[in-house]
Structures are given as C-alpha cells and as structure tokens.
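Each structure below appears as structure tokens.
Shared between the two complexes below is chain A, which pairs with chain B and chain C, respectively.
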Partner chain A sequence: MFSLNYIIKRVVSAFIVVLGILVLTYILIYFSPGNPAYTWAGRPRGPRAEEAIKAAESELGLDKPLYLQIYIHINRFFKGDWGISLRFKQPVISVITRNLVASLELLIVAFFIAIPLGIFLGVMSALYRGYLVDKVLYTISALFISFPRFWIAILLSVFLQMLGVNLFGRIAPSYMLVIESVSGSYIIDSIISGKAEIFIDALIRILPPAIIVALYPMSLTVRVLRYSLSEKLYEEYVKQAISFGLPRSRVVYRYALRGMVPAISQLHGITFAYSIVDVATVENIFGRDGIGSTIVKAIPYNDYPLIIGLLALTGILFIVVNTISDIIQIVSDPRVRI
Partner chain B sequence: MKLKYIPLILVVIIIVAIMGVLYTIPKREVAPTITLPTETKPTPIQPSRKVIVYAYRDAITGIDPSIEFDTGIVVLGNVYEPLLYYDPIKDEFKPALAISWSKVNETAWVFNLRRGVVFHDGTLLTGESVRFSIMRSKLIYEEKGIGPGWIWDSLEDIYVINETAVLFKLRYPAPIPLIASSAYGAFIYSTSVLNYVNTTDIMDEKIRLWFESGRDVGSGPYKIVSYKPESEVILEKFEEWWGWDIVNNTRAPDIVIIKIVEEPAAQELGLLDGSIHIATNVVKANIPRMYKHGYDVVNQTTFHNYILMFNVRRWPTNITEVRKAILYAIPWDSVVDFAFQGFGRSASGIIPFGYPGYVENLKYEYNITKAREILKGLNISNIKLELVIVSGYEEEERFASLLKSSLKQLDIDVDIIALPWEQVKERGVAVWREADKAPHMIINDWWPTYPTPYDYLYILHSNDIEWNWSGYENPEYDELIDNAFQLEGIDYEQSIEMYRRAQEIIFRDAVAISICDSIQPYIYDPEKIVFRNDALNPIYMFVIFFQYIEVIS
Partner chain C sequence: MNSRIVEGRLTAFLNLFKISRKFSIGFTIMVIMAILSIIGFFNTPYHLEGWGIVTEETMKRQGLPPCLPFNCPNINHVFGTDDMGRDLFSRILVGAHLALIQTVAIVFISIALGIIMGIAAGYSNMVIEKISTYLIELLIVIPSMVLAAALVTIIGRGIQSVVIALIATWSPWYARLTYILVRQLRELDFIKICEAMGFTKTYTIFRHIIPNVAPIIFVEGITDSGSVLIEIASINFLIGVASLTSIDLPDWGMIVGYGIRYIRTFWWISFFPGLFIALTALGLILLGDGLTEALSPWLRRRWRLWF
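Here is the complex of A and B:
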C-alpha cells in the first residue's frame, strides 16, 4: 500500500509548499502599500500617534531586515505560534478555525452536487456520444469550465436580489441563538438538534453558492467521463458482458464505470483543491463567513499573520485532499503502488 | 429512441422541483421570540425573549475598553459605561456611573459614584475600579502611544476618597466632565480582570488578550455572549443593570445581535425579509423606496464629517488662490442632494454643526466665474489634479464625480483614485515625506473622541504628521489651538473664541474644508421596534443604546 518513500515525499512536499507560501506571501505583503503596524496600533490619534506606529513596528519586528522578519515568522509558524490577527486582535488560529468549517461546509456540499451529477451526466454523454444530448452537455460543460465562477456568482447574486430573495449569510441571524454549535456546520448542527426549519434555511442559503462551486468539478467530470468511458465501452470485457445479456445500465455502472474510479478520484482530488479558490470568492459574494471572506477583510489592512495563516492552511488542505485521493486510488485499484 | 432522454429529463425535473419547493416557501418572518433549544442542553436563551438584529457595516476592530479606538465602540457603548454622558444637542451632562461631580479647584474634581452598581462578573463598582480603568487607558497611551488615553493628558492621578468618591488631580486645568464622557478611553470596568489573567501589572498584555477573546467586566445594560469580530457579536441583557428601573423599558431587547453586513443590498434584503431589524448601510437612493414599504428612518445628526484637504506642498495646490478657485468651483448646493442623497447638512469650516466650536458662515459660495478669473489671473490652465478617496464610500465617490465634472469647466482634469482606507492613509501621510507624490486633494473622514474643538482642529497642527494630510504648517495656528486647549479648563468661552479664530485662519488659507456634515440614517420596521429619544447620541457614533429600544412585536 503506502511505501515509506511515499510518506516521506508527501511530508517533504507539504513542508516545501507551506514554506513557499510563507515566504512568498510575506514578501508580497512587505512590498504592498500600507503599514501593518498602523492597524496593530489601532489607528492611533493624538500627539503620540507617530511614536505609537514606531512602537508597533518594533513590537511586530517590522523594523528588522526582511530576511530576519521572514525567518522569525517561519520559526514561530512551525512552532505553532501563528500570531495574533492585526485587525481582529485575536489569535490567528481561532479566527481560522471558526471560518474553516464554514468554507469546508460549502465545499463539501458543492462536491455532493458535483460528483453524482457529473458522473451521471458524463455517463449520459458517453452513452449517447454524437447525439443531441451529448452535444448539449458538451457545450454546457465547456462553458462552465471556461467561465470564471465568481462572475457567474455575481450574476446569480444580482438575479436573486432582483427577485427579492435574501440568501446572504449562512443562516438567518436569529437562528444563531437557537442552535447549539457542535460541529460549526449549521447543516449538521441543525440535524443534530432536530431543527428542520433551520436545516431548510441553511440549505436554501448554501445551495446557490454550492451549485456555482460545483460547476467546475462537475463539468470536468462530464468531459473526462465522456471521453474515457466511451473508450471503455469498446473494451472486450464490456462487450462480453453485453453479449451475456446483462442489462446495459448494469454493465455501464457496475463494470465499465468501476474502471474509471481511480481517474475520477484523482480528478476530484485536484479539482477539490482548486475549488477552494472558488469557495473563497463565491462565499464573499454571497456574504457567507469563511476563509475567503476573512481573507478579503484581512488584505486591505495588511493583516499579514492572518493572510499567511489562511494561505498556509489552504496549502495544507490542498496536500491533504490530494493524499486522500491517492488513498482512494489505491483502494479502488490494487495495481496502484505509491 | 426518445426513451434515452427520459433519465436526463427526470433529473432536471427533480432538481427544478426541489429548488422550486425550497425557494417558494413563504419568506420567513424572523420571530422576535425564541425558544429553548432542548431541555437537556441548557443555554442562556429563555423562551419568549426579545431579539434585535442590528446590521453594522464594518468588522469590529477590538473590544479592550481602554485601548479600542475604532469600530469596537458599537459593542463597548452597550457593555461598558463612562462616569457620565454628554448630550451635545442639549448641551448637558447625564449621570452614568457618577451621580454628581464638582470642581474643587482649577486642578481638582470630585466624582461621587453611584451606589450598588454591579459589574457583569458580580463585583461591585468602587473608586478603585474607576482609578484602575482610567489610569490603564492613560498609562497604555503614555507607554505605547496606542489607544485613546491621550484624552487623560491633563490627569496627574486619581485618589480614592472612599468607596463611592474619587478625586481627579490634574496637572493643568481641563474640562474633566467632558473628558470623562468621552466615546473612547473613559469606560469603567472591574479590577477583577487582573485576577482573571493572574497578574498585578496594569500594563500586562494578557489583559488585552483576555478582553479581545470576547469577555467583559463592564457594568452596561448588555453583556457579551459571543464575539466574532469578523462576523457577529451577540449581547445579552444584563438584568442587574442599575438603570432598568430608571429607563422603565420592559420591552427592551433581551438579545442583541450585531451582525456585520458589509453589502448594502444584503442589509436591504435582510430588512425586507425580517432577518435584520435595524440597518445602517442601505443604498441612500433606495431609502425613499423603503419608506414606501412601510419602513421608518431615524436620521441621526452625526459628528462624522468628510474633510477635503489640499496638499499645500505640491504645485499647483500650494498656491492659496488655486485652492480658493477650486472651492469656488464646487457646486455646494448639490453636494448634500447629490453626493449625500439628502442625508447631510451644508457644512461650515471643519467643525460640524452642533459640536462645540462650530462657526457659522465659513462657507465658499459656488461661483464659477470667480474661479475662472482667479485661474486666469494666475495664468494657470489645463492642469491635472489627483483626488484620493476611500473606495466603497458612496458619499465620497459621488462627491468626487461632482468635483471632477465641475472642475472640467475650468479645464482642470481630476484623476479620482479610490483606495482602501489604509492606503488612503499612506498616501495622505506621504505629504510630509514626498509631497510631490502625495495627492493634490484627499478626503479624510473624521469623528471625534470627546467633545473638544481641538479634536478636529489638531488634524491641521504641524505636529500631527499622521493626520495632517495637507502638510500645512502655520505657527500662528498651532499656537492658537494649543493655547485654546490649555484654556478649556480655565475659561471655556475664551478658548472657544480662540478656536473660532483658528478656524478663520484655515478658511482664509483654504487648507481644508468639510464637504458635508453627514446624517446617518437608521432604517427599521416601526411595526416591530420603537426608537426612544435617548437611543442615539452623536458623540457615540453608530452606538445604539439598546436599553432605549422597544421591541413591540
């Protein structure tokens, strides 16, 4: 199953990715306009405002050379001290933790839509390749792959506003009081506490952004399946199964599609990670909490501990998801060795 | 052959049906009452409690009562109390934690504290807590320069006379009642915070972190239940608050949710579907439509104004006559109606109407002919000027477009640069380092810490290189406002007169001018809530004193 080589490779790549994020982000923020010390000092006023900013620069280590600043930050980061958010004055880890669940909730719901729908439509497209249904699906999936999701999200958001439908936020504000936070996901917590009304509210609010996020992985699945599955259908074992008189749907879904599982899992491993970026933009457009909304609030204030923390976490998530997709590949295809 | 389309059609029908069912469910009116989640999971929420959702536009920047100097006031104003409040409209003080106060001599004031005041952790208000809170503000500022503690510059020390009386000993005469009613840096809290963080050091950073983690030891009518500065803050009614009998409001909200909703459309839709009860940031042009929908608006006079500052160190705005020409070219009558959509008052000078030190008639008239003549006399034409504004501020954006189109008549091309606030500040401060790279014009939005004209006028003091974005240096002006400030505690009338003269200098030199005294609309559903008169006070920007709000359905 897993070789020691694989584990070492994964750990080293994770380390390099996080290190790269830390260094690059720090350098970018360093050269961007604005002074983080000013935010940390709380927008000082009065006769000693200048002094306060200088003191804050010293406290944050911003008066040191860039290489030393980066070294100190990396050192602290790997010791688990991600610092304090300059804007929110709270530990970065606390801010990230409570927003991560919100983003993951959206991402997971999006993939709950994208995977089954993508597979179903991909199979349809493969089975009826060349027919009208295939042409329609092919065109639509091409459009959804090429169109930026944030643009579609803005269009949908404006359209819903014109209809007077309020889907901003993760849940109606007053519901926050009647639901006990167990997992941080309102969908799960509403099920746990048996609150159907809250579950529906959370579902209504999450569906439009989730559908937007789902467009890319779904369309990609359709395209990949259309091509690969239609080839599989001409393989000997499939032809033989059909000649034995097995129902076509059974042959497709039980035999032909099974051979596609490693490719699909790998595809979703990559698209899941890419979709984190979509989540970050879409949740901001729909006024939902999450890592994307938080990063948007942090950037104008040069809140570099929070920005770096959020980006590093995204990198870690990327690696974790890819590792999971590798595991699925191994489980579904014993020939795979990594 | 057509059978092959059936599965696809079925899937489409199912999806459409599910979406249809979900989105055609009648829009839920958020019930102002809530019920206990379950009996087995005790929560602080009781049945039939009155809930208010207040939509605020910016994230909360902090809640340390001695340090916070920005949007945290929205929370702090309900959780903590100063010794007294000041009402600038009526020009009167209102007792809060102090019931009376008197001047002993020029440099000593005695405050008698209210008896039986309990902090949210059950400890009692004492003279020691007053000393602790105020001295912490002062010392943090003196040591680190952060926070609003500069307001206590005149204070030498506070002496605890007994459990209910304190003496403020001053280094120089100052209007202590005004300072004690400051919107920032004058909140009183329990000394028990020292025990909670296990320290005896008043300056210990752990105290700040303790507050910022969402805890409080205030005495206000509401206490913090949940604090997520980027998204929402939940406050709960503090039943032991000393003022409930005085306020006599049995319909005050039990729970207040301060929800951060940046998007104006989201605030409007939230009002319409009942999930938001009070909105502060609806597109102003849509407010008349809200009236038609049966919503009401409280228009609060504010001391939040927008000051247009000229770079006096860069050509051509370094020429006083050019600055005057620009001011004559602004169609001032249109500023309130167009830029502020009627939610403003024509400004005079840089101090807003109703604020101590306001001076009438420091206004430039709209006279494009005069402006043209001035520029012709200077032989200046076909110039390009930079104007920096804060992106996303509707009023500034509209004013900028108005200015641009008006100056076009003078062959002046205005390059409008909209930036995030932090970068606006960076560009403004640059006037002291590289004046030629700083913008010719910049808008600085300002609101005061405590009611002194010095608060507004200091932003043109040559020492204030963090806020004086015009680069203006005038020793006569500096001396005048410094002396006026020192005189406030001795001869207030005389100091106000000196502030008036200082404003005339600014007006004469055309360095900076307020483009409008803004009015803040609070939009709400009158069938659900009632605003009492004392719910708003312009000194405490964006603070709704929820003890004066009635939940009626």
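Here is the complex of A and C:
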C-alpha cells in the first residue's frame, strides 16, 4: 500500500521540474526588457552606473557560454541570492517570503473552510439528488463558480463598509508595533507570544477574504461529489452494507466517501493552483499584504527581479502541493501499487 | 442525402433544448452576449474617447447629453460614467467582443496545442514521450498570474501578454487529458490492427486517434471556458489595479480593477463590468454542464435513492 519506491520517484521528478522552472526563469531573464544586466543592477543612473552594470554582468555571467550562465543562475537561486527588488529596495527573497507567508495564511484558512463544508454539502447533494436540496445546492455552486470572486469580494467589502465595520489590513494598526515577527504570519506569531486579543483580531480580519476564496474550491467539491458519489451510492457494496442494517450516515461517510478521497485530494491539488489567482485579487480589495499586492506594486515599476523570483517560488510551491496531493492519492487508494 | 444529414443534425441540436434546461439558459445568455459584442464592435451609443467634460458645442454637434466624470447611472448613461467621463455602457459593449474573442482564442489554441502535445506524449517513441511528459508537468505548475505579470513587463500591457500566459498554462491540462485518452486508445484492437496492417503513424493519428479524442476534449474545453474567462478577468483586474493612469483598453476586468480605487463613493464603475463578467461566465458554465448532461445519457437517469 505504502510504496516508498514510488514516492522517491515522484520526489525526484518533482526536483527535475524545479530545475525546469529555473531554466525557464533564466530564459525569461535573458529576454528581459533592455539589457538583463541593466535590469539586474536595479536600473542605475548617474556616474557610477557603468560600474554597477559591469558588476551585474559578471555576477550573472553574461560573458560566459549559455549553459554556464544557466548553471550560475541555478547556483545563485539555491544560495538565496535573487537580486535586489527595484520597488522595495530590499533583497528579493525577503520580500517574497514575507508576502508569500501572508498569502499562504489566507489560502490555508480558506481551504480549511472549503474542504469540510464542501464535502458535507456535496454528500447532501448526492444523497438528495433530484430533490429540492440538490437543485438549490447545484444553483448555488454554479453561481459561485461563475461569479468572479473579486466581484463578490467588492460587494462584500462595500457591504461591510456600509455596516461600519472596518476589517481591512491583516491586523489592526495599533497592534502592528506590539507584535514581534517570528514566522511572518500574525496568527502564528500571536499564539507564540501568547496575546489572545491580537489572535482574535487577526482571525476576524482573515475571515471575510478567506470565505470568498473558499467559495470556488467548495463549490467545485460539491459538483464533483454530486456526480461521482451518487454513482458510487448505486454500487453493490453500498446496497449490501445497507441491507446489513448499518446506519445510513455511517455507510455514506465511512464506506462510500472513502472511495472519493483520491479524487478529492487530486481536485484540491489542482484548485490550490487556481485559487492563488483568487487570493491575489481578493487581497487587493481587502488591503492585505501578499503576492497579489506585490504584483500590483511591481508592475508599474517594471520590477523584473521580483516577478521572476515570484514565478520561481510560486512554481515550486505548486510542485510541492501537487506532490503532496499525489502522495495522499497513493496512500489512500489501495489499488495503486507501482 | 446531404440535406437529410443537415436536417438530422438540426433536429439533434433542437432536441438539446428539450432535453436540458441548463443548455437552453446558457445558450440564450451566450447568444445575447454575442449579439451585444457584434453591436459593440460596429457601433456604440457614445464615443469611447469621450475625454473629460464635453463642451456644449460638441454636445450640440453630436446631439447627445454631456459626459461628465462620475455621473450616476441615469437615463442618458445607463451604467454611469467613469473618471474620464466616458460612458460605461459603451465601454462594456466594446469590451464584450474583447472578452469573447480572448476566451475563444485561448480555449481553441490551447486545445489544439494540448492535443498535439498529448499525442506526442502518448503515441510516439520513448524519447519524445519522456520529453513531452516532463514538458507537460513543467507547464502545469507555472502560475499563470505571475507569468502574465512577467510578460506584461516584457511585451507591455495589453491583451496579448495575458493570452500567451493563459495559453501556456491551460494547454498542458488538455495535453494531460489527451495523453490519458491516447494511452487507453492505443491498447484497443482497432489501433493495433492499424499498426499490424502497416499504416503509417500519421495516418492512424489523423484517421483514428484525433476523431476519437477531439470531441471529449472539446466538451471539456466548453466546460472550462467559464473558468478561463474568470482567470482572464482576474489577471486583467490586477493589471487594472496596478495601472497608475486611466486605461484605454475597455477590458471588463481592467475596468473593474481600475474602478476599485473609487469604490467607496462611485460604486457603479466596478459593479456593472463585474456583473457582465459574472453573467457571461454563468452562461458558459451552464452551456458546458448542459452539453455534458445531454451527451452522456446515463447522467439523465432517475437519481432518487432507494434507501
């Protein structure tokens, strides 16, 4: 059941894809607007510009053959030397990690809302398929999939403003100086430092954006479960379990749903990648830090090193998520033995 | 003979409306959107470049009421005007064909590329198969939003960078689906017989594999196109938020993104384009759902459980 060999193979292929992403980012650097060395040196002006460009050129290794350039690029990446952000005037890696933690916080909270709720509503929809409950759930999930999440977020933010509730930002500005940053995520930091009021504040502020980000994975789970679980419920083993006199909830949740775990884990591996777009847009509306607001700040400045670093790191994040969901799929499905 | 085939297809198409209500609702919405986009392509009630406050003289010449910035929705401007005094309804009308063309182009090109990549991965020699599978795996993990941002800094703001980024990230999904289907197909007897009879691989691919794979991929593509539309709008939203000056391109997502800086007071700038995105995406998703249900009869059976 637990095949270590396959998992090692999967990890190795994931590593190859990481190398592929780094090569791709190098290709994008190579075609960057203007001279890559000029971009990398932070678009210097003034008397010492020539020197800075020369230094960046030797740093990137632009005078060497292409395969050595790519090797140098990958080497720099693993050393954590990704250049200086043009907008923030800080090392790219610190800007990205700070913002990626903020986005991941939102994304993880959203998935913690979406998965249980989606499974519950999907089972309801499959059990009562053809009844009113199912029709209502189908309509709601179709609406939540097709309505752009940034639009729903705009409506919700305007509604909250009309109520006079201010839930913008990640925590209240007065707490900003009180808390010391350990992990970058305010929820975890407040638990570490043991400040209950900051924890509650951060949690309340994360809730409205998280609910909106959760809408898409939740409704997708409902739709997938509705199609596939209602098929499963017609199978012989369910009939037999019912005829043995087992309670219905136990049959559905314990036996029928177990067959769905691989499909659900695969689905969420995919939607995780799709939801990052939603996170990026919703963050901007609720005034939170994160990769979306980073991109918005980077585009007017043509902050190329930052965008390239973001591309590499987000790609690696997706690889990790995909690998984890694949491994869950293998562990939960006894038929897969490779 | 020929007319009878056409007639049969027509009745089959009309039957779709009888079978599935979702299909008919989705189809109606999409037809309305298509008509709006054609109207917007040729004529709009106001000039798109209604810059600033239009003087009285030009008002008389055009025979139109004035375009003031931040006008509320009223009789003259159904959806209000934006910060430059441009009529939002005209901009939405022009944006309709942009949105539809972008969506259709992305879905079609990525389906074509995906089928090519998938067949290269599934029905060729070992080396190409390995390379193609790794290429597919690489393209799947690229974040479309960040790639679009990188392309915006290279090529410049406009629809082309978003379209390229989305084609690069959507085609591997169709490639993966094609790969799975081709792997199943090549184990079947009729493909093996083709190989045994000495047909070339090209002939087998065009004559037997693509006709079996393409319809499934196309239905999948129609279902996905709603998500594609929203992804385009989301990326354009970010570009709109990022832009420092008012944008000329009347893309729906960009208008919404640019409008959120005025959202506290002038809500209509963001509200109406977003509503149109939502309606179009709803139409596409209902169309895809209805088509899937109508084409697979086992989905149409009675689902009530006995326990």
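Basically, the second predicted complex is superposed on the first by the 255 of 338 C-alpha atoms of A that agree within 3 Å, B and C clash if a C-alpha of one lies under 4 Å from a C-alpha of the other, contacts with A are read in each partner's own complex, and residues count from 1 in each chain.
The criterion applied here is as follows: a contact is a pair of C-beta atoms (placed from the backbone, for glycine too) under 8 Å apart; a residue touches a chain by one contact, two chains touch by 3 or more.
Worth saying up front: this structure is predicted, and the values here are computed from it rather than measured.
Colleague: After lining up the shared chain so the two structures overlap, which partner does A:I264 touch, if you call chain B first and chain C second: first, second, both or neither?
Modeller: neither
Colleague: Kindly classify A:I119 by the partners it touches after superposition: chain B alone (first), chain C alone (second), both, or neither?
Modeller: neither
Colleague: Quick one: classify A:G315 as touching chain B (first), chain C (second), both or neither.
Modeller: second
Colleague: Applying the document's definition of touch, where does A:Y274 land relative to chain B and chain C: first, second, both, or neither?
Modeller: So A:Y274 only meets chain C here.
Colleague: Just checking: does A:P300 make contact with chain B only, chain C only, both, or neither of them? Give me first, second, both or neither.
Modeller: Both partners, chain B and chain C.
Colleague: Is A:Q161 touching the first partner chain B, the second partner chain C, both, or neither of them?
Modeller: both
Colleague: Which partner does A:L100 reach: the first (chain B), the second (chain C), both, or neither?
Modeller: neither
Colleague: Check whether A:I21 is in contact with chain B, with chain C, with both or with neither, and answer first, second, both or neither.
Modeller: second
Colleague: Could you tell me which stretches of chain A are touched by chain B in one complex and by chain C in the other?
Modeller: Chain A residues touching both partners: 33, 127, 131, 161, 297, 300, 302.
Colleague: Can you name the residues of chain A that touch chain C in the complex?
Modeller: For this pair, the touching residues of chain A are 13, 16-17, 20-21, 24, 28, 31-33, 127, 129-131, 142-143, 145-151, 154-155, 157-158, 161, 227, 230, 233, 242, 248, 273-274, 276-278, 280-281, 284-285, 291-292, 295-300, 302-304, 307-308, 310-311, 314-315, 318-319, 322.
Colleague: Sort out for me which residues of chain B touch chain A in the complex.
Modeller: The contact residues of chain B facing chain A are 4-5, 7-8, 11, 19, 22-23, 25, 27-28, 30-31, 34-35, 37-38, 41, 43, 45, 51, 53, 59-62, 64, 67-70, 141, 144-148, 150-151, 208-209, 212-213, 228-232, 234, 255, 257, 259, 261-263, 265-266, 269-270, 272-273, 275-276, 420-423, 425-426, 449, 458, 463-467.
Colleague: Give the list of chain A residues in touch with chain B in this complex.
Modeller: Interface residues on chain A, with respect to chain B: 33-35, 38-39, 41-53, 55-56, 84, 87-90, 94-95, 98-99, 117, 120-121, 124, 127-128, 131, 133, 161, 164-166, 168-169, 172-174, 176-180, 193, 195, 197, 200-201, 203-204, 207, 287, 289, 293-294, 297, 300-302.
Colleague: Inside the complex, what are the residues of chain C that reach chain A?
Modeller: Touch list, chain C to chain A: 134, 137-138, 140-147, 149-150, 152-154, 226-227, 230-231, 233-235, 237-239, 241-244, 256-257, 260, 263-264, 267, 270-271, 274-275, 277-278, 281-282, 284-286, 289, 299, 302-305, 307.
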